[in-house]
Each structure stands twice: as structure tokens, then as C-alpha cells.
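Each of the next two complexes has subunit A plus one other chain: subunit B in the first, subunit C in the second.
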Partner chain A sequence: MNSKRQSWFKRLFAVRGMGQVVTVGVGLIVMCVVFGIINPTFFSGKNVANLLRQIAPILLIGIGQSYVLITGNIDLSIGSVVGMSCMISATMMTKGLNPWTAVLLTLMCCLIVGAVNGLLVAKCKLPPFIATLGTMTIARGVAQIVNNNYNTDAIGDGAKGFRDFFYYGKVAGVYNTVIIAIVLWLVFNFLLSKTRTGRHIYAIGSNIEASKLSGVNIVATTTKAYLVSSVSSCVVGLVICATSGMGTMDAGNAYEMYAVAASVIGGVSTLGGQGILIGTVIGASIWGVLQNGLQFAGAPVAIRNIVIGAIVVISVLIDVIVRSGKFGKKNKVENQVLDQEALS
Partner chain B sequence: MKRKVLAAVFAMGLIASMAGCSSGQKEAVSKVQTTAAVTEAASTAAETAKEEASGGGAYKIYLITMDQMDQHWVNVDAGAQKAVKELGNVDYKWLAPDVKDDAKQIECINNAVAGGAQAILLAANGPDAVTASLQEAMDAGVKVVYVDSAASLPAIQTLATDNKAAGKTAGEEMIKALKENGIESGKIGIVNVNAATASTVAREEGFRSAFEGSQFEILETQYGEGDAAKSKDIAANYITQGCVGIFGANEGSTVGTGNAIQEAGETVIGVGFDKSDMILQLIKDGNLLATMAQNPDVMGYEGIKIAVNALEGKDTGAENFDTGVSVLTKETSN
Partner chain C sequence: MQEDIVRMQKIVKTFPGVKALDDVSFYLKSGEVMALLGENGAGKSTLVKILSGVYPKDGGTIEVFGSEIREMTTQKARELGIAIIHQELNMCQHLTVAENIFLGRERTRGLVLSEKEMNKEAAGILRRLNIDLDPEEPVGNLAVSKQQMVEIAKALSMNARILIMDEPTSALTSKEINDLFTIIKKLKKESCGIVYISHRLEELKHIIDRVTIMRDGRFITSMNFDQKRMEEIISHMVGREIKQKFPRVSCRKGERILEIRNLNAGRMVRGINLELYEGEIVGIAGLMGAGRTETTRAIFGADPKETGQIFLDGKEVTIHNVEDSIKAGIVLAPEDRKKDGLCTKLSIRDNIALPNLDVLCGKLGIVSRKKERKMTDETVDSLKIKLANAEVDAGSLSGGNQQKVVVGKWLARNSRVVIFDEPTRGIDVAAKVEIYNLMNELKKKGIGVLFVSSEMPEVLGISDRIIIMCDGKITGEMAATEATQDQILKFATQFDRKIS
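This part shows the complex of A and B:
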């Protein structure tokens, strides 16, 4: 490599993780243009509004998973917390509870899961995979038991305000779900990039021993990351409840993996310490655009699964190549590890 | 490290699968050693079955469903219980895995046989997975009647919804409503569960067959995994594409379709499958035209009667029994 090219790369990718964000961002634009050419309806105002609303839940759980991944852990309980939130809130509303009280109580239940996750991982030193596998199963069980193993009835006319607030309502032509996602993104992005807690989250993900020695409270920081994850999952559960107007026990099935995909496509490293939330926006958008665009293109669903799987691997691969300068030389080991993580 | 994690995961999976099979009446399962060898279980079951039959007491009949969660199975159970009450000479139990899983359903079959079942009403998870243990049961003299979905092994009778015929009915209802609105052509969307669920795939096939030779264009099927929120997104996309009709192949798909039509506020004809409070509400509000409600109680009720007929050596009728669907609309659902 000549030095001129090196410095160009250096400047563009000065922000850690920006490299992959730019690469997949370009990919996203190309994808949108292609879908627009195949079927012009893709760019209609109605579809764009819908599309943004379809991306919002993926972005929300992506933010949660990104926080946890950056600390070097993983949260498998996301999908089940979504289901739990959906079922708990819906059950309470069908029993005639005020929707906003129901929302508050649901949030508290979800926060408990986040706190337990954090304590199990940081305090009890359980591998995050196992700890959150356990809470994932428990949370799904809770989702099933709150209404005695049935999906709930319709949450009723009393919950119309709730349904509008989380899903059906619009402000200035933009759906509320999108606005909620943007507001939460702004808050969590600020927390992650501008506060001490945010720096600690990166620190323990990069080198947990070094951060311990420099006085970072590992338990508190890890727990905070898991709490962010449970809050965002809780909100998605409420959105789904508002969408359907009922509680479904299966809600959020496999969402934890969508969240990993959105994060990883957007440049968050599963090894911890690296990633920015703007990347998660791009990752979630790619997911949503594929889902929506391929339906408009009339492609079979199997194609979408293949494409998304390939994008997860390729986007990480490109980043590895770009950062190492040469394919598979200096960073061969890291390359393999990243590959494996992306696939798993 | 990685290996340790994996080992732990597998260990947890094993424990989970061991605890997988449960029943409405727990003591029935706890008596049975779940790890007992299949053959042993089968032979002891044959003995107990003979003993009880010669004793002239009640017939021991087990209902085994795919899981316990679905309202559908609860209704099958309710129908079966009704028949049991009427007959008065049946000792009846409902067994089901906690989640839909082939291995766990096989455990349930083995448990039922070991528990002395003389007849089993089975809703088979899939056509092939359970056939080996089912054959063991039949060899041991157990009468098998399929309810809702059959395995590939021939049994006394299959009582099920003819999903293809029901799907066709759904299609015809849609065409009728579209023509009443003066619409003779346009795009039709299908929200299905996934490509592997035989019952909903058959419904789709039937639905499509109703449109043969018409001016309507049926778009590529989309799969929402039965998730009402995902299905809503899919249906909303169909509406943006200008669909005049949308078909939901199960409960979640139908709820999603109804919600999307409600939001769009356009005259899109939505027809669905299954019956739930939410679906009936959507029909009542005019967001869905109709839903095809299965008759699971008929499956359970008639299933028990057929099983008793078989045990008494009476005629059990034709091999297939279509339990039919009820078309529920605004007028008929009240």
C-alpha cells in the first residue's frame, strides 16, 4: 500500500467503527435505488412512511443489543422480553387497568429482567450466553403464564389512546413509532458517546481487566447496558401490543437475532469495545428495506433469508479487509474470529 | 472456553427435553418412567390393556396434541370430554408436550402406551416423525385415531378439517364480496405462516384454486410466522401495492391483515382463518369480511366415539372425516 492511500483511509475511518458504517451505508443506498427501479411504488410516500415504521422496532432492539455487545457480552433475552412486555401489558389492559399504569408496571417487570441479566453476568460471572439463555426461557415462560397460556382477547376501546401513541398515531406525517425510536436513539446515543457511563461501556468491552484496575465499576456498568436492552425490548413489546390490539405469546420470537444482525451489519463488534449507534440505524434499515423491498419486488421469502445471511457475513468481512489493509495477512486470526461470530 | 459453553448448552437442552412432556393430569405422567425403552413400554402396555379389557371396565383413551397452549387443542379436549361424559365408560386423559416438538410428542405416545392406553387420539406433529413409535403402539394393540392432522401410517380414521376445501371456500367468499363491490380484477395478497406448515400451505393451495380462470392476479406469498405484528407489516405492504383482497392463513396472519385494513381505511376485502376474540372484533367492525372457523370440538367429540366403536369392534365408517369449517361473517358471528 502506498502512503497516500493509507492516509485517505485513515482520515475517513478515524472514528472507530465508521469504516463499516460508510460501507454498508453505501450498500443501503444502492439497495434502495435498485428496489425503486424494480417497483416505483417502493418510493411512494405511503410506503416510505410504512417502511420507516417497520424499521423502528428493529432499530430499538438493535440499540439494546449494541449496548450489550459493546460491553463484550450478548443479550439473548431480548425477544422473550418483547413477548413478555406484549403479554403483560395486554393482559392488564384486558383486565380493565388504565393503559398508562399498565405501561409503567410492564416497564418495571422488564427492568427486573435487565437487572438480573446484569447481575448474573457481571456479579456472578456467568457466561452471558448461558445467563441470558436462562432469562430468555424464563421470560418466555412468564409471557405464556400471565394469561394462563392463551393469547389475550382484544385490548378494547379503552386502549385506543395507547394504540395510537405507540403505533397508529402520526405527528407531522411521521408515525409515532418512528418518533419514539428517534427520541430513544438520541437519548441512548448521547449516553453512549458523551457520558462517563458510555466511555466505561466501551472500556470494559475493550479490556475488562484494565478497566477494573482503573476503577471502573464493572457490575454497575454491565447492568446499565442490560437495562438499556430491557427498556428498548419493553418498548418494542408495547409497540407490538399496540399494533395487534392483543397480546400474543409468540411476540418477538427470534428478535434477539434480528438485533444481533442489525448491530453487526452496522459495525458493532461481537467481541466488544467497538461500534457506534449510527451503524445500528443503518443495520436496522438494511434489514427493514430488504423485508419491504423484496416483497415489492415479488421475491420469494427464502431469497430474503439468504440475502440477509450473506449481508451479515459480507458486511463484517469488508470491514475486516478495509481495516487490515490487506486481506487475511496481518489480521488473519481476528478475521476468522469475526467471521465465526458473525455466523453464530 | 467455547467448548465448555457448548457443552453447557447441550446439557441444558437435555434437561429441558426430559422435562418436556406434561399432562392435564400430572400423576399420569409421573407414574411413567420417561426413559423406559420403547419395546418394554409397549409390551407392558399390551399386558395392561388386555387385563383391563378382560375386566370389562372403562376404556382407557388418551388424547395427544401438538402442544397445550393453543385454544384449538383446548377445544378438541372439550369436545372429547363431552363425548366421554355422554358415553360414561371411558377413562380419558389429555397428554401434550409443552411446545411443538417431534421428540417430545414421541415421548407422549410412549407414555400413553406405557400408561395402558387402549386407544389414542393423535394430532400428529408431522407425517413421518412419530410413525415408528406409533407402529409400536399399534403392534401392542392400541387403536389409533387421528384428529386434526394425520401421520403417514394408516389408522382407524382421520378427523380433520379439509384445509384445501376450506381454503377454497375462503377464496370463493372473497370473490363473491369483490364482485358485489363491482371489482372483477386486481391484485390479491396472501399472508401465510411459513412454507413448512402443511395445514396452512393446503389452505393457500385451496384459496389459489378458487381464483383459477379469474382476472385476479395473486402475488407472491409472504410469510409472517403467524406473528400478528409481522403479518400486519406484510399486509400493509400489500395494500400499498394496491391489493384489492388479502387472505390470512391462520390466526396471527388474519389479525395482522385485519389491523392493516383497519388502518388503511380502504375497501380491501380481508378473509382469514381461525376464530379468536380479536378476529371476531375485526369482523364486527367491518375490517374483515369473514373467517373460516374450524370445528375442533367436533374432532374431539367424534374422535372419542370412533375410538370406542373401534374398541367395541363396531363399524368406524370412512377413512376420512371432514369436520368442516364454519364461515363466520358479521351476520353469522353474533
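This part shows the complex of A and C:
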């Protein structure tokens, strides 16, 4: 039974997390239907467009966190990098800098954070929790100090093109933010599923020792994952800057946990080696729909936080229970019994 | 005339505090299988890890195919055609067979992985090696023995000219071992040089040409292999003569200590009934997957059971968890010493004290250091555990001494039944004897000894009575004096249900 080729349908539901993706996909549809029944304006063109625009940033940070989680690590600095990106770009623009130059410089700063995370974790062998907790604090500090501990002024009319590009503009009825998210998703999904780097990302999350012994460059691979994370955080920070037209120091607060939630709901395992980005799309969508729906229903922010926090805990709990049993001893021994056939 | 393809001379390697290799020399010819023998801690793994580039050497020279290699890395080793199959499985569980085989050297067309090609190639590799596996199966779904075959396929797919195998058969079934030996013989004909490390000395005669023996980080001798000179080989490994591999002690059989009635725990433990008397050692034989470990864990309370009564010295005891079992006096030395038997990062003293804290603590729950030290010293003395001091990490001890600590912590609380699961796995010849002596001491003291082992000679040599399990049931029982390997195997393969 090991050598028989399985039908495409069965293989679709193989290890790589498709089962969970389909399950939560169904959950998403149900959720939308429920919210639609409660308030039919949920399905209006305006709300859908807004909803997608709300989901886009969550998807972006979800992608970044998914990359890092699949390598078996975690990135707690996501929220702070979002804030840092927002503040740096806004500050530069208020000081008269061309918005696109500001974007470039902001990107470089965020890449530095990603590189530092990668080196701390892979080269200096710091536990990822501690390393990214450190960069999280530092990045937030940078966000605060960049404009002398004040939120910035409005970024001015010269930045209209910037604001349209990242937030207000539309193409064929779809907001730019959504298009940016889709494009980046396509790029990062391709990288993860079709390239050598992507394969190595799964490998080190699955078994870092085996990867090392097979010649996989652990430092490079880990750093690439953290760079993807900081790039997506950067983009989200720019989106927030474009949205509000200014820089706010606590932009992105707690975003890293939302990113974990989106990833884990979508089937990425906090234990590493598992998960696909299509799942993160569903996870981010569930998140967005939940936020949107609760907002529509008039729930206060506190309730939203509680609901969201509970969902994070439950998803990770399910993740750990299901995953650690999957390739654990129990299954192996059962397989050995099947193995005895060879002898009898 | 076969030439040397590997010449390692005067290799030195030091780890903090330990000189792992002291002027070791090693030669390998093309087309030969060289067994690298030695006790645990002799330096065999260290030596081959230096050859394969995993560790850098501190001194000495390495020549491969005639040219000196100044700095060996895993990359360079691979380029030279050196492949190593490690003792511990190094598979990425989430990746498929093909993905594992090509890990680190994936085929790409530009940026994109050529998945179809790699799957096809992997299928070809597996077929050539007579391994029946789907290359697109996630490795985590495979049995341990199959995973080891994937490991072997991976090494061989890299067109190795020099193949290092570190305990390759430890997880394999006998059919797979035969398949492996067939492959090795084929590689010999292709002028591959093979370094074979194994504690299973009985296997050597099938494939070994020469042996190199190490002891305490030093090169002792190298000679052509001859089954008749086995005792000489062992004495070189150990540095002294092992008079008797299996010291058997006969005791008068006394009262019944333990009775298990109708134990059922999942599909691996079905209707187990067994008895254990004073003055006897009972060995449980069987193939991998027979349910022996599961049975010991069910008795010990480590796994939940559906039915089953346990009687200790005639009185029924209720065991719902490990705590109950320990209090009752039934203890277990588990199969995976390092993972389940010890806290490797804690000191030896901490490990010995751990299950005995109720005895060592005063009224306020404060541990009495004095009592702790006394218990540790007594345990170390009576079991003759070799250590510098009791504060070192338990993980730093040799396999045999680790096992003694595992058992020692139970003996400190006067246990009634000690269950051993694979007591001498990964332990060298001399330390094995010490463990057997320990089991005999327990037997003499009237403590019940039950042990599970996959090494047939061990089961035949040490047990007084042998129980054989197959597919979750007990299929046979016999006195050791009447048992033969063939008989045991017959019962061990007596399946009563076809796997659907």
C-alpha cells in the first residue's frame, strides 16, 4: 500500500495542509452567509470592496509570519516593523522628501530588521521568541524616536500619488491595496512552492539537523524567511501611512499575533514544516470577515479583542494537538505492524 | 591490487574536556567493506564524522583518492563521493521520499524545481535498490525501517565511492537487512569502499572483509576478518577478555510476584496474561511492532488500558498512571534511554533523586541535600557507575552508565518489579555484561525482572523463561533451556490476522 499511486483527489488532501484549508474555507463561507443573514448590506458591493481592503494587510503580514513559522521560528517584530515603516515613511515625507524615495529608504530599514532577525536566530542561535522580542522593542523605539516621540503631521499634497497607490486608488473596481496583496501573494507563493529556497524553508522547519547534514544553508534560508516577513510588514506600514495620511507611533500594535492567527487558522503549524499560503489567505479572510462582521454588529473593541484572542489560542491549541500526534510514535508503530507483512 | 582510497593518519580531535581521537589512523581500500569496531565512546562516530566533513579535525592528515584534503567540509565530502548514513535518522518528516533524497541538491530549471523529474529519478533509484516505496509519500508516514531505507537510498543516489554506514541495521527487519547486504555486495563489485560501524557482531560475517578496532579514542589494530577470531576481536575492543558474554545465574524459583490478567490496551496489547516469579528473569521476545513496548507501558501505567488486572504479591493493585505504578513498586527502564529514561540536561544526582523526592523531602517540601547525596552515593557505589562526580549532566555519560542511572533511580526506592525495555541497546559488549550482572543481582534479591529485547542471543542467554509476542498477543512461552532461535522466530511470526 506504500507503492500504489494515489488518485489526484487523495493526493490533494495529503500532508500539505489542504484538508485544513478546505475545512476553514467552508467555515469562511458559512461565516459570510451568517453575517449576511444578520445584515444583508454585508454583501453590498461597497462593503465587499472595503472588506477586501481590510483583509489585504492581514494577508500580507500573514504571509510573512507563515514563512517564518514554516521554518520553525516565529517573528514577534512584525507589528513594530509595521509601525516603524509607517513612521519612517511619514516623517520623511513631512520633511519634504519625494514619497517614492521615502518608500525606498523605508524598505531598506525594514530589510535591515529582517536581516538582523535572521542572523540572531540562525547564526547566533538565539531562540526566535527572544530574538524577535528584542527587535520588536527596538523597532518600536525607532518608530517613536524618528519624529521625536510625536506622531507626524499630515504628509501633504505631494503625497497624493503615494496615498492613491497604496490605499485610495482602484483598478477595475478593486482597491489597489487588494491588488498589491494579490501580486505579492502570487510572488511569495511561487517562491515557497516552486523554488529551491521554498523547499529548504519547509526542510529546516521539518528537521533542521537533517537539512544541515544535507548541505542546506540554514543561515541563508532562515534569513530569507525573516526578510519576507519584514518586507510584508514594510508594505503594510506604508498602507497605514497612506490610509491616515500621517505617521502614528503605535501603528501595527499586536499585528504579529494577528499574523500568527491568520497563519494558524489557515493550516500553518507553529511546530514548523507545514502549511500552504492559500491557507493563509483563508485565515486572513476569516480574520477580516470576523472583524468586519463584529464591527457591523456593533460589538465594542474589547469584545472583538477577546473573540480574536480566543480564536488565536484555540487555533494554536488544535494545531499542536493534531500535529504532534501526526508524526508521533503512535503512527510509526502502527506502520511497523503493517511492515511485518513483508516477513510472513 | 586494491589501492587505498582513504588514508587518515594521526588524526587528533578534542572536544572540551575530552580527547575524542588520539593519533588515530585509518585506511580503506576500494571494493572492500571495513568494519570499524569499538565500544561506545571509542571514537568511531567521531572519526567518520571527520571523514565526512561534519567535524573539523584538530590534527593529522586525510587523503582521499590519493590527494590530501586540508579542510574537509560536508560539501567537499559530497564532491569527493563520500556519503554517510547516520545512526540517528535524519529525515524531514514533512517532506516526501523524493524530496528527502534530493534535499540540498534539488534539480531546478532556472528558479523552478523540476519536481516531476526528481520524482521519476527517485522512483528509479528506489527500484534499483529493490525498495518498495512511493517517492511521493511523506516520509513521516513511513515506518522507521522504511525511513532508514530511504536514508540509504539517499546516500547511494549521490554516486558515493566511499560509503560510511553507522549502525545501518538497527531499525531494519531481517528481510531489509538481507536486501541491504545484497546492495553492499553489489557496491563492492563496483569498487565502492564501505566503512561499516555496528555493534551487531553476528552480522559481520556476511559482508565484512577487514576490521579496524578502536578503543578509548585510539587505534588498536587492523586485521582481516575471520569469524573464528571473534573472541580476539572482542578482547581488542574491550582491552580484556570477556570470559562469558551472557553470565547466567541460577536461582531457586520462589513465590509469584506479579500476575497480569487479561490486559488490553489498544490494538497492540490484546488479552495479555503473564506471571513473574521470584528468582527468575523473564524475557519477552518478538519482532518490532509486536506490541512488547506497548505492553510494558500499559503495565507501568504510562498508557491507558481498557481492561486488565494487576496482582502484586497476590494482592490486586490499581494502576491508572505511572505514579500508581511507582507507588506499588513496578518500575520501567524505557526503550529510549535518552529521551524517556533520563533528564539529560540535569545532573546525575538530580536524576536519581527525581522519582524519590517524596522520600527525600522534609515536612515543608524542602529537599534534604544530605539525604540526596547519601542516596546518590549509595546508588553509584552499588551499581558501580563510572563517573567523575555526581554533578555532571546525565547526558554526558556513556550508554551503559546512563542505563545504570535509569535503573538506579528505581532501586533507591526498593522496587518490587523492574521492567527493562531493550536494556542493552546501543551499549557496547563490556557494558552489556555489567547490565546483565545487574539484572542477575536483582533476580538474586528476589526482585521481579521482566525484559523486552530484540537481540535474540541476549534473550536466550539471560532469561530463565521466554515469552514471545506477535501482533499484540502472546503466541508462545518456553523455558530458556529448551528454546532455540528458530522456535522463537516461529512464534514471533505467528500472525492471526491479515492486515486489510
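Going forward, the second predicted complex is superposed on the first by the 284 of 344 C-alpha atoms of A that agree within 3 Å, B and C clash if a C-alpha of one lies under 4 Å from a C-alpha of the other, contacts with A are read in each partner's own complex, and residues count from 1 in each chain.
Convention: contacts are C-beta pairs under 8 Å (C-beta built on N, C-alpha and C of every residue); 3 or more make two chains touch, one makes a residue touch a chain.
These numbers were taken from a predicted model, which means no experiment stands behind them.
K.L.:
In the overlay, answer first, second, both or neither for which of subunit B and subunit C A:206 touches.
P.N.:
It touches subunit C, and subunit B stays clear.
K.L.:
Is A:144 contacted by the first partner subunit B, the second partner subunit C, both or neither?
P.N.:
First partner only.
K.L.:
Could you look at A:110 and tell me whether it touches subunit B, subunit C, both or neither (first, second, both, neither)?
P.N.:
neither
K.L.:
Tell me which partner A:218 touches in the superposition: subunit B (first), subunit C (second), both or neither.
P.N.:
neither
K.L.:
A:41 contacts which: subunit B (first), subunit C (second), both, neither?
P.N.:
First partner only.
K.L.:
Taking the superposition on A as described, I'd like to know which of subunit B and subunit C A:274 touches: first, second, both or neither.
P.N.:
After superposing on A, A:274 lies in contact with subunit C but is clear of subunit B.
K.L.:
Between subunit B (first) and subunit C (second), which does A:249 come into contact with in this model arrangement: first, second, both, or neither?
P.N.:
First partner only.
K.L.:
Is A:127 touching anything from subunit B or subunit C once the two structures are fitted on A? First, second, both or neither.
P.N.:
A:127 contacts subunit B only, not subunit C.
K.L.:
Have a look at where A:196 lands relative to subunit B and subunit C in the superposition and call it first, second, both or neither.
P.N.:
A:196: touches subunit C, not subunit B.
K.L.:
In their complex, what parts of subunit A are in touch with subunit B?
P.N.:
It is residues 39, 41, 44, 46-47, 50, 54, 57, 127, 129-130, 133, 137, 144, 149-151, 153-154, 168, 239-240, 243-246, 248-251, 253, 291-292, 295-296, 298-302 of subunit A that touch subunit B.
K.L.:
Tell me, which parts of subunit B touch subunit A in their complex?
P.N.:
The contact residues of subunit B facing subunit A are 5, 8-9, 12, 16, 68-69, 71, 195, 219-223, 225-229, 232-234, 236-238, 240-242, 251-252, 255-256, 259, 263, 276-278, 281.
K.L.:
Quick one: which bits of subunit A touch subunit C in the complex? Just the residue numbers, please.
P.N.:
It is residues 2-6, 11, 14-15, 194-196, 198-199, 202-203, 205-207, 209-211, 213-216, 273-274, 326-327, 331-344 of subunit A that touch subunit C.
K.L.:
Over in the complex, which subunit C residues touch subunit A? Could you list them?
P.N.:
Of all residues in subunit C, those touching subunit A are 54, 74-75, 78, 86, 90-95, 99-100, 103-106, 108, 111-113, 132-134, 136-138, 140-146, 173-176, 267-268, 287-289, 293-294, 471, 493, 495, 499.
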